[in-house]
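Notes follow once the structure below has been shown.
We just call them A, B, C, D and E in the order they show up, numbering each chain from 1.
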Amino acid sequence: MSSGELGLAMAAFMLAPVVGGLLTGIDRKLSARMQGRIGPPILQPFYDFFKLWGKDTLVTTRENLIWAWGYLLLTMVAVFMFFFQQDLLIIFFVLAFAGACLIFGAFSVRAPYSHLGAHREILQMLAYEPILLLAAVAVFLKTGTFMITGVFEFGEPLLPYLPLTFVAILIALGIKMRKSPFDISACEHAHQEIVRGVYTEYSGRHLALITLTHWFEIVLILGFITLFWAQPLWIGLLIALGVFVLELIIDNISARLKWSWMLGVSWVVGIGFIIANMVLIYCAGGFIRV
Amino acid sequence: MGLINKSRVKSPWIVHYCCGGCNGCDIELLACLTPLYDVERFGILNIGNPKHADILVVTGPVNHRNARVLRTLYDQMPNPKAVMAVGTCASSGGVFHNCYNVLGGIDKVVPVDVYIPGCAVRPEAIIDGVVLALDKLNLKKSTKVG
Amino acid sequence: MARVTFPFGPQHPVLPEAIQFQLTCEDEKVVEVLPVIGYMHRGIEKAAEKNPFPDNVFLCERVCGICSFIHGATYCQVIEKMMDIQIPPRAEYLRVLWSELSRMHSHLLWLGLLADSFGFESLFMQCWRAREKVLDVLEITSGQRVIQSAAVIGGVRRDVNEELSSSIGAILSEFKREWDAILPVFEKDYTIRIRTVGKGILPQDKAWKLGAVGPTLRGSGWDVDMRTTGYGAYSDLDFAPVVKSGGDSYARMICRAREVGTSYELVRQVLGKLPSGEIAVKVNGFPNGEAVVCTEQPRGELFYYAKGNGTAYLERLKIRTPTFQNIVPLLTMLPGCELADVPVIVMSIDPCIACAER
Amino acid sequence: MGLIMGVETLIAVLVIMPFAAALLTLVVKDARIIKPLVIASISVLMVASVLLLIRVLESGPIAFSPGNLWDILILVLDFVLLAYFLYIGFTSRHPLILTLAGAQAVMLPVLKFYILPSTAKVDPVLYIDLLSVIMALVISIIGGLIIIYALDYMRDHEAHLKLDKTRQHIFFFFMIAFLGAMNGLVFANSLLWLFFFWEVTTLCSFHLIRHDLNAEAIRNALRALWMNLLGGAALVLGMILLWQASETLAIQQLMGLGTVGAALLLPIALFCFTGFTKAAQVPFQSWLLGAMVAPTPVSALLHSSTMVKAGVYLVLRLAPAYEGTQLSVAIAIFGAFVFMVTSVVAISQNNAKRVLAYSTVSNLGLIICCAGINSDLAIAAAIALIVFHAVSKAVLFLVVGSIEQRIESRDIEDMEGLVAKLPLLSGMAILGMVTMLFVPFGVLFGKWASIQAAAVPFSAWFPLVVGLLAIGSATTMVYWTKWIGRMISVVSFNRDAKVEPKSFLSYTTILLMVAGAVVLSVFVAPLVNILITPAESTMGYAKAFETAGWHLRSDWGLFTPWPLFIAITLALLLPALLIRVRGDQYREPYLCGANDPSGVGPTFHSIADQGVAVRTGGAYWEALFGERGLTNWINGAALLLLVVLFVGVFV
Amino acid sequence: MLSSEILSIAELPERVEQLLQEDARIAMATCLDLGDQFEVIYHFNKGLELINLRVRIDRGEELPSISHLTLNAALIENEMREFFGINITDIAIDFKGGMLLAGNSPKAPMLKSLKI
């Protein structure tokens, strides 16, 4: 990597939370418009963040707070590795560790809603982990490497080869964005049978941390989606934005469904599609030879 | 702290607890969230969890059983926080003042910052009350040192 | 097996009101439910003995703020029955007007809350947006959005003139257009069907025996509607109760959704047929004796028993609200369902705890 | 150093000395003597294994053939063993054992006296390359530490059972003998020798599982016996077929045979089948699950470093022989399938030892899958997984054993909030699970490499394999996360801290192994450089990793353990050290406002204002992942895969 | 006055059972404080028709629960017991006197003698 690229990666990493926050703001604005409301200003997520940052923190257990930091910092590590074009599998492994921190945070206090949320969060990971790993494998089949650099070296857009994988990623994105029909462990809005699930016991500054982490996560997954059309990059960014809006529309036209349904869809449709995609690539012979 | 104070005004999250009212104020409170009034314009969210909320919105009079619930909810909110008594009953007991199980207004249990009269309260009045509560909230400091 | 025991309520994001269920779950499957109520009990029945009987109209309207007009009107009815007062036909019609508007706004409110309980936020917003139209009608006719205070003993307090009547018609037409877009969503949407069909089944025989009333009963295939007894002006109006078999949350939801249409038609009929004349008669004397009146409230059968003793104060006023009757059926629906279904099933009886606990 | 002791001495120390020490413990019976005796002999064993490593690193693989007399001795002992198995089958009236032991007792003489010419000689009898040495290190060091741990454990165990007569000497006899047998097994080049040691491990495991002598233990021991005898029978049959196809019984010669036909693949498939039975792969997982009735050190020994590892060792050892065949693909699919289904079933288990058992079967499935994928990267992954899994799993078993002795339960539900009660033990347990679960620890390094290896289209079936691996990885996550979650669930305002009763030996051995797991993970790059890559190349595979500094670069990806370690340590350690909480910040958990502050632990007001304690039991999703519902299906599917595997040999 | 059948306590369960077999169900029970006696009116739904049973009990006298015959009488009886302090035994769902009233609410608040 040249120093110019390094600087660019660093800048992208620094911008990630800003972009994530703005996207969340757009999310809230667009959702409100879809619901016939005017909605909050685009900058609302930042107001929320700073307000929470300035509030007192109530503590149920100290460990709870430690894991919140772990969740944030590890997600940041994953995002950092993403912009530094590292190994996709490792990035997803780190992301899984970060997700586990959130789960441990929820488990670390003996509170029923927290625990229920944690169990559902585990199920969500069970649903999207295989999709992400397999999507990385599908990308590998075309580019011949798990390194993100390879995607850029590949020189062609990936989407025409990996349409089914792309669809599967949408499921993972929906789960990660905590949007209907997959907002089962902790949705962005309240009014849920398990209160706010894994977030329930957090307050003040540590809730702000989790919000921030969420922004990073969105950027990471949308970044991964961008890779499907990395050359030229702006098309990829447009696609990512389009997919983001698509998620919002789906969120607004569907009810929250249950974990069994989620697991069924992500395993049957998600994994099934990616494997079908791999078979297609294999049959077409356009995979990397060893 | 300028940024944080500004944000505080822009993002009041409320937690709603219905003490023992007749639901009239509750549904008006909910109506505030919906398209006609849309308080999310002002960053107001009904967050449903005291640990995340800034403003405790209470409707209905306090009775013998829910008094301690109200107190618990208040205690579980992080500072700075404000309490709004929505409706005449929440303010004073209202039409239920002579009921045997009613203690009276919610100020018998928690300190109230804003009283919003009305039976039932109109959504406009609730929005007005939130604005008042925000002013009060801004005067309060978090208990944090520094 | 590992179990989770925790309180669901009294303060809970999906419950607009204070009620608590002590839930015990196993892998998110509910195995035991205990209802804990009394968080909203005020003691209205005792207070009704302390107020002069005409003042109780206001108290009764505040038994429940959602269907407050029907509470007030039913109280008037029971006193009128005891005192043998015949109220003018125009008042009867106007009472039906406000009753049906109340039913519409109550059902719309409930449909929105149900949508919210299964995480369909935009549908919640749409329902409440349509509901604002009904509230507009209530406001221009009574001056108040939710607690109308329009009924008095002997008639009603406010009149609806020609001009008002035509603006009501215009608003209702707008409402109808919005509502026609919303109803099919409840009936057909895939995700809603997943969340409601087969959830919280109340079999037909159990529904009656356990005392279910209103849409909860009609959703289990019973054609029981107090309005068919023909109290007030209902005997002159043409309508049929909405009945749906199935007994699950979906059936109850559809019952209420379609009742919005029925009420809309009733309001139209009332406006068309509104007889001319006085809107109230003067009331003399004090109530003496006993009377029972049953009316149909949005949530089901409302039961008022009153006993007078010839003074300005009632000897006893007994109010039984539909939710009180529907709690026991609810308790039989919950065990065996998933935790995620609990809000949907609880909402499916349209609980009004303020009513039930008075 | 390595030159001080001759090769012969080293081998003798590693293989024969344990038997001698074992006999000695059996004779002296006195716990006071057993303890120093065991510690001394284990120490010698460990040193010898390291010396052997140095020796092999310096001068390459060792080929060694003891005198003819040894061959005869082995043969005689073979018959003694089989006679003993027949005796067990006869006394326990177990037809399967009788049949299987009988089949071996018939086939072995047929092979020896009828098929093999009297001049037949396997040369060398022992062949010790780096793979064998890695196995010997795992066996001697981890197995040794487990036995040292057992010293205190068994004392407490017998105290708990209130035995009036100690049976420890029998226990340690088999435990130590086991190590010798395992070392012999991994050194053997002659299949006849391998068969002998194989049967010795079967015998030892049988006795160790039934050690407590209750009805369940005896029943499960018999089950383990017949399943292992099935493998033994396949081994003998395989030897007969092998000799007829290629006139050799030396493993190393199998590699050089080049073109492989059905005649040769069938015995190899049989050997792999033998490996599957020993590695408790589905549908033979039940013997390993049943083995949980034994005292914990037995489970630890059987699962982490010895018994089951012998199974995967055999499959891995033979990998070059079936490279590029359909058999290889079938093995990969079978392994991936086992990896996935057992980790799915593990989700529904609340018995800690059963979770560990399923996890073991699952990880062994992954190793077998890697052997089946059979590329440079896959074999490297398999070797790495053997090492890392052995360490982490040993830690977990021992920790669970200690926890069980403290809280008298092995139910994960009973471990709720254990970090407050037994901080040191649960800390080690959590660390052990973390090393199994997260980057950049070694097991994840293995998983990373294996997913990469599976992603390369090594066969048309690769999407199936990689799909199974992906689901398996996610399900693995589920049961560990749930378990850790249970242990860290505490109540801040009511800590019932308990002083941990210390058992110095137990704690140090666990601590040593936890440290080992972490250190090995940190130094994964040198480990790969020094051990795994050379081990691979002696097996005939190319180098899988370039090590640039501390990074490991495969052909397709980059594993950067050090930056990750630093990042993760900082991410978790810094907040842990820096966060300060004032007393007035504590609040009770959210209970919908119904909190009852007078309760012990989270309590809420319920009917008639009575306090009801919150219960936060774990979820096991019995309906979806339940053992009862799934076992028959997965056994059926696995049998089908095995049939396909054998049929595939002829295609 | 309300048309009703006047029964003794002993006759009550039998009559209730009979009504239930005729597909009637309990709608409500109203309790009246008559000073030294209570009058309990059981209102039954039979289709849309209302059937009323009147029972008089002395203060302190035990009233048998009918919740075992029809479960939805349980809440009604719990409420009656709390409001009037009537000794109703053996209710199917027993709130132990804490259904609507909290620990420090006034006891038996509906009694006429109690002026609150």
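Going forward, a residue touches a chain if its C-beta (ideal position, glycine included) is under 8 Å from a C-beta of that chain, and two chains touch if they have at least 3 such contacts.
All values reported here derive from a predicted model rather than from experimental measurement.
Asker: Counting hops between chains that touch, how far apart are subunit A and subunit C?
Answerer: Graph distance in the chain contact network comes out at 1.
Asker: According to the touch definition, list the chains common to the neighbour sets of subunit C and subunit D.
Answerer: In this structure, the chains that contact subunit D and also subunit C are A, B, E.
Asker: Which chain would you call central, comparing Cα centres to the global Cα centre?
Answerer: A
Asker: On a CA-centroid basis, which chain has its centre farthest from subunit C's?
Answerer: That would be chain D.
Asker: Please tell me the distance, in whole Å, between the geometric centres of subunit B and subunit C computed from their C-alpha atoms.
Answerer: For subunit B versus subunit C, the centre distance works out to 26 Å.
Asker: Counting only Cα atoms for the centres, state how far subunit A is from subunit B in Å.
Answerer: 34
Asker: Please compute the C-alpha centroid of subunit C, do the same for subunit E, then give the distance between them in whole Å.
Answerer: 25
Asker: Roughly how many whole angstrom separate the Cα centroids of subunit A and subunit E?
Answerer: One centre to the other, that is 59 Å.
Asker: Would you mind listing the residues of subunit A that make contact with two or more other chains?
Answerer: Residues 35-37, 56-58, 112-113, 115, 119, 189-191, 195-196, 200-201 of subunit A each touch two or more of the other chains.
Asker: So which bits of subunit B are touching at least two other chains?
Answerer: 17, 34-35, 46-51, 63, 65, 69, 73, 76, 100-101, 143
Asker: Indicate the residues of subunit C shared as contacts by at least two other chains.
Answerer: In subunit C, the residues touching two or more other chains are 4-6, 8, 10-14, 28, 38, 41, 43, 46, 125, 129, 357.
Asker: Going by the touch definition at the top, which pairs of chains touch each other?
Answerer: A-B, A-C, A-D, B-C, B-D, B-E, C-D, C-E, D-E
Asker: Mind pulling up the subunit C residues that touch subunit B in the complex?
Answerer: My answer: residues 10-14, 16-18, 38-44, 46-47, 50-51, 58-59, 61-66, 68, 109, 112-113, 124-125, 128-129, 131-132, 135, 144-147, 352, 354, 357.
Asker: Residues of subunit E touching subunit C in their complex?
Answerer: 1-2, 20, 23, 25-28, 30, 32-33, 41, 43, 47-48, 50, 52, 70-72, 74-75, 83, 93, 98-102, 105, 109-110, 116
Asker: Hey, which residues of subunit A end up touching subunit B in the complex?
Answerer: So the residues of subunit A touching subunit B come out as 28, 32, 35-41, 44, 46-51, 53-58, 189-191, 195-196, 199-204, 207.
Asker: Flag every residue of subunit A that touches subunit C in the complex, lowest number first.
Answerer: 31, 34-37, 112-113, 115-116, 119, 180-181, 183-184, 187, 189-196, 251-259, 261
Asker: Once bound in the complex, which stretches of subunit D touch subunit E?
Answerer: 607-610
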